[in-house]
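Each remark here refers to the structure printed beneath this line.
Each chain carries a letter (A, B, C, D and E) given by its place in the written order, and its residues are counted from 1.
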Amino acid sequence: MSVLTLEDVNSYYGNSHILFDLDLEVEQNEVVALLGRNGAGKTTTLRTITGTVPRREGRIEFRGEDIADDSVDKISNRGVKLVPEERRIFPTLTVTENMQVARDMSSGNPRDIQEMYDVFPVLDELRENRGRNLSGGEQQMLSVARALIQDPDLLLLDEPTEGLAPVIVDDLYDVLSEVVAEDVTVVITEQNVDFALELSERAYIIEKGANAWGGTVDELNEREDLLDEYLSVGGAEAD
Amino acid sequence: MVSLGLVFDQLITGLTIGARLFLIAVGLSLIFGVLDVLNFAHGVLYMIGAYAALWAIGAVSIPFIGLLGIGFWPGLVVAILAAGLVGVLIEAGFIRRVYDREPLDQLLLTFAFVLMLTDVVKTTFGSGSNVVDPPGLLAGSLTLTSSLSLPNYRAFVILMSIVVLAAIFVVLQTTNVGRLVRATSSDRDMAALLGVNVPRLYTVVFFVGAALAGLGGALAVPTQSITPALGNQVIINAFVIAVIGGLGSFAGAFVGAYLVGISIAVGSLIVAGAGQLIPFIAMIVVLLLKPEGLFGGAEA
Amino acid sequence: MSYGVRERLLAPDNRMRVVGVAAVAIVLVAAPFVLGGFQTSLLARTLVFALFATAFNLLYGYTGLLSFGHAMFVAASGYTVAKIVQQVAPALGIESIFGGAALMVVWILALVIGTAMAALLAVFIGYLSVQLEEIYFAMITLSFSMAIWVIVNQDIIGSALAALGIGGGTFTNGSDGLTFRLGEVDLFGLEFRLVDIADPIAFYLLTLLVVAIGMYALYRVINSPFGTTCQAIRENPERARALGIDTQFHSWMTFIISGAFSGLAGAMLVMLKTGILPSDAFWTSSATPVVMTVIGGPYAFLGPAVGAFTYEYLRWIIRQYPLLEEFWEFSFGFLLLIVVLFFDNGVYGGIQRLREYVSDRQE
Amino acid sequence: TGLGGGGGSDTIKIGGVYLLSGIAQALGTSSANAAEVAVKQINENGGINGKDIEIEVRDHGEDPQAQIRSLAQEFNADVMIGLTSSGVTLASAPTIESLGVPFTLTDIGTPYITEPDTESYGNYFESDSGRAAFTPNMFRTNSNTSHMTYAIAKYVADNYGESRVANMGPDYAYGQQCWDYFKAYSEGLGMNHEYVTSEFPSLGASDMTPQINSVLSADPDLLFTSFWAGDATTFISQAAEQGLFEEVDDVFDTIGADPTVYEALGDTTPEGIHMSGWYWPTAYDNENNQAFLDAYREEFQDDDTTPSIPGFTGGSTYAAIYMYKKAIEAAGGTNPEDVISELEGITIDNDPRGQTTIKEDTHQATAPCVIGETSFDADVPYDGAGLVNTQTYTLTRERSLELLDGSGLGPGL
Amino acid sequence: MSPVLETEDLRRQFGRLVAVDDVTVDIHAGEITSIIGPNGAGKTTFYNLLTGRLDPTSGTVRLRGRDGDLIDVTDRSANDIANLGLSRGFQINNLFEGLTVLDNVRIARITRENRTTDITAITSEDSELTDGAWDVIELVGLEDVAETECANLSHGDKRKVEIALALGTDPSVVLLDEPTAGMNATETRQMVQLIGRLNDETDTTFVVTEHDMEVVVGISDRILVLDNGSLIADGTPDEVLSDEQVREAYLGLEGDEELEAGLGTDGGDDGGEMA
């Protein structure tokens, strides 16, 4: 069954038209990568799903129900949780409080805060630190932890590895793999394409706000041209 | 030549003023702390609470509706509801539409309500002064010594301010509302992403803030002369208090209110006109030395 | 393509702007000869407020500092002007030196010294105020202006001087403020009353001159690197510091400029009203430029001026209709509500969007 | 120039400016009402020189000078009445002078505005301590503060002799001048009162308890006050709550003779304190007064927003309209200079307060003021107190000069 | 090589936490130095101390100003230090969001030209400012969005503006905090090239923190490793990346496991010089 369906979706910031007739299909329990250049519209797509763009049109269905007109909190309470690009840690709340708030608002079976500390031991030492005082990577970890704690059905990850040290990236990979095994559906955008592709079964490429390609990761790995044209990976001109 | 009796009387007067001001300032501070809106109409909500109480007591009548006349105690409830509902109207009907604009836009929106509501009250109740006696239950005073006595009603008003402060702390301690509110006030959009119904939360907060002002206004009725200009007279002092105490801090509002109340009453003993000057000087000093206020930065 | 952008940036097309300014100038110069006495002085007042609001907006719209006490500069220069007219000029014997032109000399003197006093006040108060940002800045400016209001309203200076054995206990004359008369000027045969409410052409033209100079100066400041630096502070003071901008110093300078021009406007206003009252320093007076600016639109140079015009003429229209006038606060509040609710960046923003809409339609 | 008053129009236009909102709404409204009664009477009896009077009354609003200018330059008022605040009056005088329209004050206390002797008292417009602000086209029909405080000082001297006196008044020109003049007159009358304290709550204060406490603790025999309209209501009610009226022998108020205040206070006004005013309906026993009262009652008895008897400015406002009628008729038109010169020295016989004359040199009317005692027995058309045992007082410039000698205060009479 | 920036026992504590632990180091003129280390190692805090955004608990910072003198800047304000030629890009975007990209860069130019109090010119018509700003815009590749308000940019483009601001003041030393985070692979490469080129052509000294080892290895003359606030390694890329401690704590590599970036970790058993 498809968990999330976007059909002919258009999104706008004020007068600027960003997404053009975008289609997206995500099945239960799969990981889908959303790829594309800077400014292609990946973040906007995730924001469209969560209801945070100012204006969106088209059909957006979650578990068969139309959510195109739902408010942000309503969509969230359906189990759709976003780890935003800018991390959005509550600056005046402590690490623990950041997680507690998430836990308080969880609509499913929230995870234990301790569980998250086990996953990110760095945070454990910083329990009482205020969000604003965390390092960039620590904030990123907290942001992921905060979403996980809410027991999402559909987890939207916007560049979750940004700012994470290589070891932590590995840890994150493990956690996400685990989470997927537990019945969570994931949509991920990444500049770290390798990370995304390793985790995902399928991928979409977005270019200038429209679908450029869609298919399985295996297919994509065959297509040097796509990787080259839209994702600029694998190019050999690094010097 | 300042006698002990006078100092005591002024102290009681100052505490009464402080208690009234606390009830305005605490709501103002609450709304600012959560919504980041400096509610200029807060004084007007206080004034509306006062008129609602007057109406409930039967001292003024509303055209086409007439008098209510159910007495002082039910009047407190009427005042709380009246101010609270007007607050909800302002927030849910208007301010909500401009949350993502400059803070000044919200401030001016509330200023527009100052102008409009003052006029509405004026048209409804006239612009004359209204004065009533304390309720029978609290008439008279407690004699402390032969020269010192404490009017019952004033003691009651002071007590109420303490009760309200305690109630706020109990609510914050025993529920996770405080945390939610702080999270929302620091990042509204993220809170919504976590599932917080931000508009509803804001409306509730505005209701509570407004209702407290309404309660303050109703309690003021027997000790203050009520005119439609009342709102504008108290609002600046309420700002001063909220800032001195620390915007968003309830304990700060409490301490600030009593400091200002007492300085208004006692200051006039020292130098004529000083009562007016002291609060502003105090605000300047606090802002320069501790901009976040005496209790700023403290939890909720 | 990008090269085109660069070229265009370096050769801006100012023709439309020149035509616009010329048209407005012609209308403003011709206006008093067409309008009656009341309308002429209303227009003069509006021009003065346009300058006041623009000066205020240098601090608010461009630097991001909301002053809720700008009336203090009107008070500083206003009381100075009144003192000069009432006491200093006679004491200096300006009448006997300059004869018929004496009043013009007094006028210039009052304008210059009044503005200087406002600037001086801004030097002190600005230095302390710019330590703070955001709402705290608004609150400290509010406190200063209210403290000044108490001081002039209670005539604390008068009492203090009297305690030192100077004067008879009055200086600002308490709640009555200072009122003066401005009489005849004889400028080499050109005779007129400096402020003649019955026939205010002369004063109007002087006002227009002063306001035009003031507006031009502010225009230059706002569009200069100084003004761009102000915008950097508005947008992100902390990043501005990281780039090497001394934000406090810069805000302070801006505060002084804003205060000085507000003082200049205040001086003209006080002469038009032939007096100053403590209420001119009260917070409600400080709210006027704020409201005007928001009505007009803070993010355009002309926004506050548009706001001043909208404000003053709306007020005038309301006064025309007894029903509206009886409920003028309601009417005005309602209009404010509409503007804030439906016009992002005020009337100016509204006009701009309308223009965009129309040109979109034409395409 | 843009001066109004051209002979072209077929009505005589009167512009009025009073405080019609805020604490003084009731006061300004009762002045406007009295003017309306006079205008109606005159129009019913053939108008002025055969022309009807058209009157427009506006609120001070937030910019009284703009209202005055607008009435003169847009409404084209031929003559004007008005103002409810001494401060506004002094601040507006240069504007009014510049406009040139005859302007009659009906409610104003400050003696300065009718004091022409700038030599002795200093020109108000030229120094911060000046006390003479005479303005050529301004007149006054009410008896001013100088007169009023004399009456109280005299009453005190006659009935209480030397006493411990405290003062309370609104914190602005009017309150301060009342106290200054009261002290000066008392001294002139040979009274060596002990002035125990003086408190000035701000105008429109909603809580005067701190100042009332101070007064109480100074333990005065008598309390002199100068509250009016809403301030009087606030003061009386809060003073009653603090038990002030039991503690002192008597309380005086300069213009407390105000039906709207008593109406607002209902049954809480203490009996037997002394309130004065520029007019009190039952203080004059003459047919003009009766005619005025009848007309006033007829006009307003069905209006439940205002008492159907005139307030303390009723007499002076009503008289002002008749003065204009007489002056315009004598001048044969509305040319401002002519009307002004007719007004100087004019005498009217149908003033409810008795025959009055506008003094040529000061532009001040020779009208009496009144002191009475609060009582619920008074004949008033509302629930509340009124005045009984009223006495009227008159004062001449000569006597005033004698009494004020050495105080630096001018008679303004 | 002469140091352009040096610290001596630089320390910063937040309560009990020692974020920067007595770091003594000098940055050589004209080099590209990378600072790596786990999350929370103290890299950003170290930058904050160098740039005057935070006051150190103890220790000293010295900076070679534009005129060549080595100045103690420990207690100087952030703006003073910036004016001495030290500039930085932030890890978390810190832009003038409401202004266009062009205006953002112009502001950097205004401070560079010491014209913040110039009221005689008109910014938008000043060719010196516009030219200077445009050069920077071309350098980082923002021509297409030059007139877009920063608030309306995508994350990746904002990162570029962040760097444009850092470069806009013609600094002699630039501190970049994860400059390529959020950029795609091509742009990351371009950024690396740009830094290399500027370093070559203008002798600008760069200090870069990065978690992308490919980048680090690609550009660094020297690598510093921070862990728990302490400097645990300092040396050439080869030296540092073969250090056991670094491999384990930071890269999560065990034994001879190779870095995916494909760097030949040949030899280098004794690691870099230990701090």
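The rule is short, and it goes like this: contacts are C-beta pairs under 8 Å (C-beta built on N, C-alpha and C of every residue); 3 or more make two chains touch, one makes a residue touch a chain.
If you want to know which protein each chain is, UniProt gives these names: A = ABC transporter ATP-binding protein; B, C = Branched-chain amino acid ABC transporter permease; E = Probable branched-chain amino acid transport ATP-binding protein LivG.
Note that this is a predicted model, so its numbers are computed, not measured.
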Counting one step for each move to a touching chain, how far apart are subunit C and subunit D? 1
Select the chain at the greatest separation from subunit A, using centres from the mean of Cα atoms. D
Distance between chain centroids, defined by C-alpha means - subunit B, subunit C (Å): 34
Gap in Å, rounded to a whole number, between the CA centres of subunit E and subunit B: 51
Just how far, in Å, is the C-alpha centre of subunit D from the one of subunit B? 37
Please tell me the distance, in whole Å, between the geometric centres of subunit A and subunit B computed from their C-alpha atoms. 45
Quick check on subunit C: which residues sit in contact with 2+ other chains? 154
Residue numbers of subunit A (touch at least two other chains): none
Pairwise, the chains that touch are A-B, A-E, B-C, B-D, C-D, C-E
Within the complex, subunit D is touched by subunit C residues 36-38, 41-42, 86-87, 90, 154, 158, 167-182, 193, 195-199, 273-275, 277, 284, 319, 325-326, 328
Contacting residues of subunit D [partner subunit C, same complex]: 1-3, 58-59, 61-62, 65-67, 69-70, 72-74, 86-87, 90-91, 93-95, 97-100, 124-129, 171-173, 176, 203
Interfacial residue positions of subunit D with respect to subunit B in the complex: 21-23, 25-26, 199-200, 202, 204-207, 209-211, 213-214, 216-217, 230-231, 233-234, 237-238, 241, 260, 264-265, 268, 305
Of all residues in subunit B, which touch subunit D in the complex? 2-3, 5-6, 9-10, 13-14, 16-17, 122, 126-131, 133, 223-230, 233, 264-265, 268-269, 272, 275-276
Partner subunit C, residues of subunit B touching it in the complex: 32, 38, 94, 97-98, 101-105, 108-109, 111-116, 118-120, 123, 236, 239-240, 243, 247, 272-273, 276-277, 280-281, 283-284, 287-288, 291
